[in-house]
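Please find the structures below.
Presented sequentially are two complexes of chain A, the first with chain B as partner and the second with chain C.
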Partner chain A sequence: MDFTFTEDQQMFAEAARSVLTAEVTADRIRDRWSTPSGLDLPLLHQMQELGLPRMLVPESLGGLGLGQADFIMMAQTCGYVACPEPIAEQVMVTAPLLVDVLDRGLGHGAVQTALDALQGGALVATGHPINPFINFAEQAEWFLLGHGEGLYLLPASEVTMKPCKSVDPSRRIAEVSFEASDAHCLAKGESGAALWRSTLNRGALGTAAQLVGLAQAMIDQSVKYTTDREQFGKAVGANQAVKHLLADVAVQIEYAKPVIYRAAYTAAISPGRADFAVSHAKVAAARAALLATRHCIQVHGAMGYTWECDLQIWVKRAWALAREWGDEGFHKNRIHEWLLRPNALLGPDLTFGRGSITDTVAA
Partner chain B sequence: MKALVAVKRVVDYNVKVRAKADGSDVELNNVKMAINPFCEIAVEEAVRLKEAGTVSEVVVVSVGEKSSQEQIRTALALGADRGIHVEVEGRPEPLEIAKLLKGVVDKEQPQLVILGKQSIDGDNNQTGQMLGALANMGQGTFASEIKVDGDSLQVIREVDGGLQTLKLTLPAIVTTDLRLNEPRYASLPNIMKAKKKPLEVTNPAELGVEVKSHVTQLGVAPPPERAAGIKVEDVAQLVDKLKNEAKVIS
Partner chain C sequence: MDLRYTDEQVAFRGEVRAWLEANVPQKALPSFDTAEGFEAHREWERTLAQGNWGMVTWPEAFGGRGCDLLEWLIFEEEYYRAGAPLRVNQNGIFLLGPTLMEYGTEAQKARFIPAMAKGDEIWAQGWSEPNAGSDMAAIRCRAVKDGDDFVISGQKIWSTRAVYADWVFGLFRTDPDSERHHGLSKILVPLDAQGITVRPIPQLNGLPGFAEIFFDEVRVPAFNLLGGEGEGWRIAMATAGFERGLMLRSPARFQQAAKRLVELYRSRSNEVLDPTIEDAVLRCYMDAEAYALSTYQTASLLCAGGSIGPEASCNKIFWSELDLLIHETAMKLLGARAEIEPQTVQEFADLGTWLDGFMFAQSGPIYAGTNEIQRNIIAERMLGMPRK
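Moving on to the complex of A and B:
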């Protein structure tokens, strides 16, 4: 089995990395904080020109027909640069949800309109019931919202928003409410629940990838700071007490990465096992990122917590994302449920899953 | 009109280059490689000319080891139509590269050849000029603007103290300066299309060129570390030091 990313996947990741590392800098993130929308519209346009919103949309619907495994490293890069724009959510959560609705023959003409708008660079927000707030709700043109097990699609004019302040100044969150009417309903009951379940997995996986990217960026900034900063005639990073703090985070990152890649792969080939794999990824990634926030603030000394220090951008994003799409307790419970199933197939030969959920249960 | 663009594989400009411990060469293990930035500008210019309808085909060529094909693929993703890889082991000198490019020029018969003015690893700034001499073509080096007008080419060059405008008869050679354009990023659909574009592999023997090195690298050393500065007591001391130690004022 070849566990490496393909040449294409690496080129996609490299293309996104080139753009994002050049265009999303700490100074430009701070610039967004004083703008009404909080968005860098030229960057969103650039992402659209690169083809990112179309990535996970099938070719028959005007997309590129790629999968989550093709995007996972890009989601990591979005985290690495602390990209404020909800690119990962648009590509990995909203577009596939709209495609799922169309594939099942649900909904109405507005679904295609919303998908076309998304592929054209407009924001389409997804309000999964597990998340109390929607990021950049005021800038979204369309909303996919939940009510019970129902899935609803509404234009921005049909929802009510109550903006809230996030711990992360790059995020513009709001509570969104709406009237659940049949006119806007795309799916109800079992089909609605199934759509929301797969959306939860995509959201949690994309967030996990971003969290690992954030953790890696915090480590890189800390290594640079502790190499440059001298005290008593030597770099502070030369002291074991500092090295060990950073090494602990590096180990957690290395443990989290394969779990995330495994989850992306499993979600693609064996969606029935995705709950378990994605929850494992979210727990591992959030742990690595939260450990990075603590240890990186420590090694930056008194600087780490200040407004002037860029580290705060990454720290606050990690705090915000660690609880999005389910906190640690929620995902541990999902793992627990999976492990204690009477006929759960566990073991190294099943790490990457085999067949569908039906096969697994039958066995 | 066919345009030929040369690209070189170099250490990415964001990477801090380090010398090997034994000082024999630059450390290249696990170092990110990329298209030389000036060559990227050359690719962008050719693609823009194609988009404007001036150029009908953009052929990208790279001389180097097999890994150079990565940079050719990147150029194809940026919009070039096909690639040629001249496979050479080791690190060829500018004259050898110019001779190999001359072989490709003879075969392809482009009307316009665009190269970066220099590579950021060797910093030689020689290949374009040597190719101009070998191919007997007019050359517009350090171009900050080019305009094709019928069978001639107008090139605005960046020279000390200003700009120089030249008119060249095609076929001609252009080497790009930093301000010629701002290269685009490769889009995902174009990366996917690039895989299907043709990439021909050739070698010096097929081009009738003998690759023979005339230069031996004896060593590589990092620049000396900058000494710590000092604080001067007053302006008079500063002026004294600038005048007598640094000798930058009289």
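Moving on to the complex of A and C:
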């Protein structure tokens, strides 16, 4: 039992953090809002050079062979800097789905082509049926799409897009439709459903990590603002009523993080407990982030309600991500199902299931 | 990161479980805030000590097992799972014990730890005074050096367990010219010493769970000074760190309560319920588990040689508000019958001890530093917000 990150994991996370905090600034995020693609292509190139898209791809397929727990702190950082590019999703969702397909010997040559494109820095979009739209669909070269339980892979030329406007100006969402033909089908029936299930957990987990990163960034901005801003001859942040609003958010973040890390670990080794662990992570992270949006707007006073205040970048991302990859209703219902089933393993001795891989899988 | 127990940890759990199954009293003990219940709980402490389970993290020489914090968590999980009695000596074993281990002389450890582990000496705490509550640095109770003794005069209040306990530890002003957190010292005082008057204070449930202690020129040997003279504040902060940070309320307590809440909910799910209950039940179970995960994380960090940071101040808020939510939700599930204080076997079977827990939960956001004080600490020390 060791619930700490390794030195390697911390170093890798630190390296990504220093690049992302330097490269993804509020000004440059605002610059993206008026460009056609909304993407910072040099940043994507830099991430590709750092090896990010390849992180969770096995070495046999040209990747780095790392796991979700190795990337989870980087997903948090993507949230912390409000990175518009769908890096976390490429690394944590799309690449592992393509790898899953190859592992099971499903599909056709296009799967390898799409994985190669992704590892080369191209965007490959995953359109999970739980999400009504796809972020940066218009910039994607390949699409993994669902129809019923089926999983399909199509090049961009074969799909139809209907863009929508997101509340978050950094997001470029579009509804994507396609004709489900056998030629593009990778998996159907139970096999397709299983692929979509694990994909959902990866998406929810990556979103949860981004949400606590967003929440932490909102706190940091609010601490700075309430320290600098003076009223009645003192910093507004010296008032207890203001302090307590931010302390409440800090508490929620503090207790969401270990839940996310547990989910990152569990989802990889113990599919039997993955649904519960991931849904818990998503619910806790969304709660922390949404509380952060409310309290941080409040402590910014009227500035918090302006377009000019950079806080909106983080607030609106949190509003969007809180409901992506399963909203509160979806995840709470999964938790309800887990807790109320007749043979549920509950109690203080069962935090980690029965504590060994075989037992937890059986659970 | 490896969230599996080692073979040794699994074996340790099995040993704890087997011992508890053989030794936990079949019938719940009376409250330790009654004379009879206090002695029954002292007996239980002696039973624990006979199996060397009094405080597993202490060295074997002091009646412990030399366990690390992860094993302590496993012990606690099994303890609450087994429904074992509450620890009447928690002031001693969880608060004073760790401080003695860190700041006590070898002679002090040998004098106090084994007696604590055996249940022979049950401890009360003596922090607050009538004018020093949340503002603990306002302490005025004086301890004047006189030869090889300290002579103590003044008053303490809200001293948990002081009515029946044998000893009290607390902070006293040893430098009469000092102010605030300077000039305070931590001193251990036998409650049967001449000049001590203990006046019980009935708590919300009518039982004297705490007391006022009046000191009228109470003489104790300088041997009872823990740490250096004037070091009291620093040592007390260390104690408060343990108290808030890890040991006072182990996660298992809330996980077991949350499990019982799920069972209660399941048993009432055919009734017409307040629609917010389902959400609260889920939240209670999740939050109890989140508290456990966070504690495992901290324990792992400490085992790896790290130290607790200011984020530990989040703990107290989280578990005390969780405890309230668990019991408020249970009250909702019991509906109008929640009012009944169970007297008969049938009533106990039907209503359990939820009402008792609900009343106690009211105190959680107050003791060990109110949650308002905790929020100030989080804002100032963890987030770096301005003090003034």
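Following the convention adopted for this analysis, the second predicted complex is superposed on the first by the 351 of 363 C-alpha atoms of A that agree within 3 Å, B and C clash if a C-alpha of one lies under 4 Å from a C-alpha of the other, contacts with A are read in each partner's own complex, and residues count from 1 in each chain.
Assume contacts are C-beta pairs under 8 Å (C-beta built on N, C-alpha and C of every residue); 3 or more make two chains touch, one makes a residue touch a chain.
Please read all numbers here as calculations on a predicted model, not as lab measurements.
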Which superposed partner A:Leu50 touches (first chain B, second chain C, both, neither): first
Which of chain B and chain C A:Glu179 touches, first, second, both or neither: neither
Chain B versus chain C as contact partner of A:Ala235, first or second or both or neither: second
Which superposed partner A:Ile219 touches (first chain B, second chain C, both, neither): second
First, second, both or neither for A:Asp103, with chain B first and chain C second: neither
Residues of chain A contacting chain B in one complex and chain C in the other: none
Chain B residues touching chain A - in the complex, by the definition given at the top: 73-74, 77, 185-189, 191-192, 195
Residues on chain A engaged by chain B in the complex (per definition of touch): 8, 11-12, 15, 18-19, 46, 49-52, 54-55, 64, 66
Chain C - residues contacting chain A, complex: 1-6, 9-10, 13, 70, 76-78, 80-81, 251-252, 255-256, 259, 262, 266, 269, 278-279, 281-282, 285-287, 289-294, 296-297, 299-301, 303-304, 306, 311, 314, 317-318, 372, 374-376, 378-380, 382-388
Of all residues in chain A, those that touch chain C in their complex: 1-6, 9, 69, 219, 223, 226-227, 234-235, 237-238, 240, 242-244, 246-248, 250-251, 254-259, 261-262, 265-266, 280, 283-284, 332, 335-336, 339-340, 344, 346-349, 351-352, 355-357
